[in-house]
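Notes to accompany the following structure.
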């Protein structure tokens, strides 16, 4: 089993959600993050002084998937979150040892 | 060393915190996340249009533990966060290479 | 490739950001978390009852780095975030299987 | 009604001031809404705003339907205890002239609107104390009955010319008739509901902090602002010496309450506690209200100052009794309302402490009993408390399917 | 101008009340700012605040420059349809005496400031309906033209003594002249702009909830508060019977709107919807405004109550038409404004339904056409809608390079 | 005191207006609280609210204790520079009649409460400039001394009939006597404290944005609203021509300040900067305050407009000097206060620029010196700045053990 973490543009969240649900990946967790990257942060002016917020507001999505759906899910996210302009974000795939369902106490595949 | 990540109901956070402290696991990090899962999101009405928030507000807890306490900690979380109804959440155990204490520069077991 | 996760004092965020950019590590993701640890939470009084917030507001930084820069980056964070007083936080290094750039679809080193 | 004794000009001025005062009292409803919303948790904000928006509407409508005629039944008393001049409002030509009242102060319509704005405040006071756990509809039923029946009846005893008035009881603008009436209702509600989950633990009181201090502060300032209408308008004319004295005593009472609450809270809790200073201001205002017209500015500082000292002790006291009041309504309105009524007897020239105590007791017994019985019947029938799971998830989602903030 | 017929005292009182009323109308601009800011998404809050802060400034300045003299051209009419007394404001001694107006109500300056405060409200109404997607500068250009030209022209038809006044059209404080004028502008803007992205999907309406209910609630209360000046001041004197009646009808209209909107929304959506109660209050207030001086309190409950029932239907109706109005301005100001104008004809003694319908239609055609043409020209030239990417990221960052909240 | 020369009716009207004006000035304290809270970081919100809640309380109490009698010592002057009529307030029958003042405007109590509401504003101005780093208790000590001693002394020079009054210095409602006095205190405090950590870096100014633009906007609107009492009440009667002119000049000054600040900021920073528009409104209001009674509406547009242009330059100027003022108090109150005082001399008929400059200088020297010395002594004794770690963690937790928001 793998954990797929995607850092995407906040504005692409709805598109990714829809795309995931179309391939039947309805379970995931997400939260707001901020990112430094090649894309410059927001340029901001406040009371006469300009500055760069530095970061961009982004959304992080975490999905735990079985090994054989890793590629499908990560491809789906990538396509849905893609604009082609700098700042699209990254998908990171990390190993997991075990996943346990709190409700059923079942583990791994059967925990999903 | 392992990282235990638990995605639980926000309303169970206090119970989990108490349970963890009872077994001496006083160190952890947590933050708010939102989750899509089998449990339907909140049903919401706004100015005459109904919709589903889709997600549920949840809490994510991250604890780094030594290998031999993985089971105790994960069991403790599971029991404290359990209601038996859909939406209880998941516990994920992932490998870590190293943990370093910023204060002491010690690593692994002695970093905790 | 590795993921470096650092849980630091919020007040040290600017220092860490500057230190990272000095060594050329300009790409990372961060978000607010709360931490329980040896450092006691904020002591708070509200309408005549005292209590402990329990947690401390902290910042979590996540950087994906190539294997050979792990040490440089983690040392940099550690030094910049260091105060020597209890509550400085932890740096955790975890393995990753793959990182994909959403914009270019390139993987691993070339995804950064 | 006798011949008009004042000029049309004075009549117009007096009437104008009482109308403006009514508008100022109206803004107190926003003050209450902000204070209570600020002092509850984020997950119950829509619920408290819903109540505080609905209450003035219910208050005005029921007051038009029956409250006004219960409170001011004219000569149609049952021994000064009860009277009713019939449903609905309306007047003839006389109601619009300076002959309408003895002192020629204002028109019938002005009379109604000024009194109507007062009526709803006592229900609003209750809403703060029962916040975060009371069921919406039973609470609104309680509100309707409390505003339509209980408030006008005790109000009549004094302001309607009833038996307390005969007795020499003095309550200028309602430390008792408004604030402690609301406070007794709050106490009954909080007692019957029980505390919020997790407030009183084995390890003592676990505070449940309000979600927004700016909101609470806005509310307190708006209440103070509206109080110039509440007290100043209660002169029922624009009479320069009296109204201006009332402005001064009201202001100094509030200021003194702020400062003494600050120091008392500091000595008790070793902390500069904004929530206590805010409650101290309100305590000072409530305390000054019964006697604002009959005391000197120096006495107003003493009365308001004592109210500010009372507040932190009262908060701790109710917590000791495990009576959970999220916004401190019982401390502010009940305790300081009683104190203020007493103070008017102690400091007010020619006022009678015994009459004050009689009034406090009579109003207290009636209001508490009324509220207790209504809440109790509701508890047995509809239930008055939301299920634990709803309390945990918050009333905004469970009762209103809405979130107060959408910050992401 | 005839001889002064009233005493200096009455003149001073009348003038004082109209000035205070002007200040109350001013605070309505803060009310609008809060309602609209509360009902938009967090990412567009600075933008809406910017507009609502700029609009009263533009309104006052253009009204001084030309609006006042377009609306009150004196006897210098073109058949009661158009007149202009020249640029700028200023007066002689007579403008400051009780001889200034027939009824001796107030000075020239008071006249100007009271009317000037009204002027900007209609542009503010538009800003809510076009929120979250309109380009800033074209919108401000529209605002300037709408306030400087369109509002004064229809205003003159009635209040300036023009043809609608001759016809017996009754619009006491502006259900039509202010609210539906703003509402028609809002409709034109919302139609030409199109809905916000993602609002109307294949699966039906996807609500885009406002970011802060407390802010919206503060706004509604402040509007209600200011309405005492809006309606009460429109008596144009402190005349006790009329102003106090207006206070009562205004209050009961708002209260009735709240309660009927609550129940209507509950039966329609099975939910205690705070946003509907808030809109119900505003609907009740708008509804009562045309006839507040000529109806009984009981009738005001009916009129406000019907407005409260209309609101949820109107909101659903505009959503059916895919006309996206983030704050409900069209439902509140346009639909209830039309209803209120009609109601003044139905309930007001001696008022003429046909004249009311004529007024509604004439004002509607002119205001809608004016707004449509201006927005249309702007659409063809500067464009009126921000690019999709800016809409996604929010206008605060893209148009103002600023964030509304800095919560971290 | 001479015989009363006006009717009881006029006396009552005048008195009523000044009382209402006092209530409007009161609400300015909420305005200040909101502006300052909105412009500071989230971690310092409780602290600034605490100060802004405490300041009016301290102001009213010390003004009752001694301020009023320092500012209005009657005939008991030391050469027009200093006088003191003794501790406490109180009056006899005469103080409540129309004979109280020459113009028969109001009662002694009204006099006190209107002046008392003014007094605290100057300390509030300081609190904004020293926000986010000043120690609470030393600041409150400063406040007490500044309000109780410094403000009344310079106030007496003009309004108490002292030497500046003899000289022909004109400051209608306090561009100098209130705003620049506060501004000088702000400057002294900000200079002695030094900037917030991280504000001025090698790479230039690093802005520290305020945490809530809605809060700041609410504050500015409330200040504008209250200014109708501040300026309108300073007529000290309800005199129709003067008060209505003041309403117009005040409104147009604020409006012009908004628009010119908008464009100036746009040309300087290429951005539609809400914070500058808000400051522009305040600048316009401060600018208009000295001469609001002696200028024409057209001149008010010029004066307010110039103030709006000044604001962005002043903000940049103080940043150049590394004087860190989180809310812009020095730009708004000091710079525009000086400008407004000068403008009253330039535009006001029969006013004397030299007298204006003398007043500006004398008041400036005294106020700045007083504030500087008090802050300096406090710096040497208690210290005036919180430790760096407390500044980093925020004053809410470290000084108040409380959080402003509990959003989770």
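Order as written gives the chain letters A, B, C, D, E and F; numbering starts at 1 within each chain.
By definition in this document, a contact is a pair of C-beta atoms (placed from the backbone, for glycine too) under 8 Å apart; a residue touches a chain by one contact, two chains touch by 3 or more.
Computed from a prediction, not measured in an experiment: that's the story for all the values here.
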Q.
Once the contact rule is applied, which chains count as partners of both subunit B and subunit E?
A. A, D
Q. Does the subunit D and subunit F pair touch with the same residues on each side or with different residues, judged by whether over half of the numbers are shared?
A. different
Q: Identify, among C-F, A-E or A-F, the interface equivalent of B-E, where equivalent means over half of the contact pairs coincide by residue number.
A: A-F
Q. Per the centroid of Cα atoms for each chain, what is the distance between subunit C and subunit D, given in Å?
A. 51
Q: Provide the C-alpha centroid distance between subunit E and subunit F, rounded to the nearest whole angstrom.
A: 33
Q. Where does subunit C touch two or more other chains at once, residue-wise?
A. 31-32, 44-46, 50, 94-95
Q) Counting only residues that touch at least 2 other chains, which ones in subunit D make the list? A) 9, 13, 16, 20, 209-210, 212, 218, 271, 273, 275, 401-403, 405, 407-408
Q: If two chains touch, include that pair; go through all of them.
A: A-B, A-C, A-E, A-F, B-C, B-D, B-E, C-D, C-F, D-E, D-F, E-F
Q: Write out the stretch or stretches of subunit B touching subunit D in their complex.
A: 11, 14, 42-46, 50
**Q.** In the complex with subunit C, residue positions of subunit B that touch it
**A.** 3, 17, 26-31, 64, 94-103, 105, 111
Q) For the complex, which residues does subunit D have touching subunit E? A) 8-9, 11-13, 15-16, 19-20, 22-23, 26-27, 29-30, 33-34, 37, 45-46, 49-50, 52-54, 56-61, 64, 88-90, 96, 106-110, 112-113, 116-117, 136, 212, 215, 218, 399-408
Q | Touching residues on subunit E, where the partner in the complex is subunit B | A | 204-207, 209-210, 265, 268-271, 273, 275-276, 279, 312, 315-316, 319, 328
Q.
Considering only the defined contacts, which subunit A positions touch subunit F in the complex?
A. 44-51
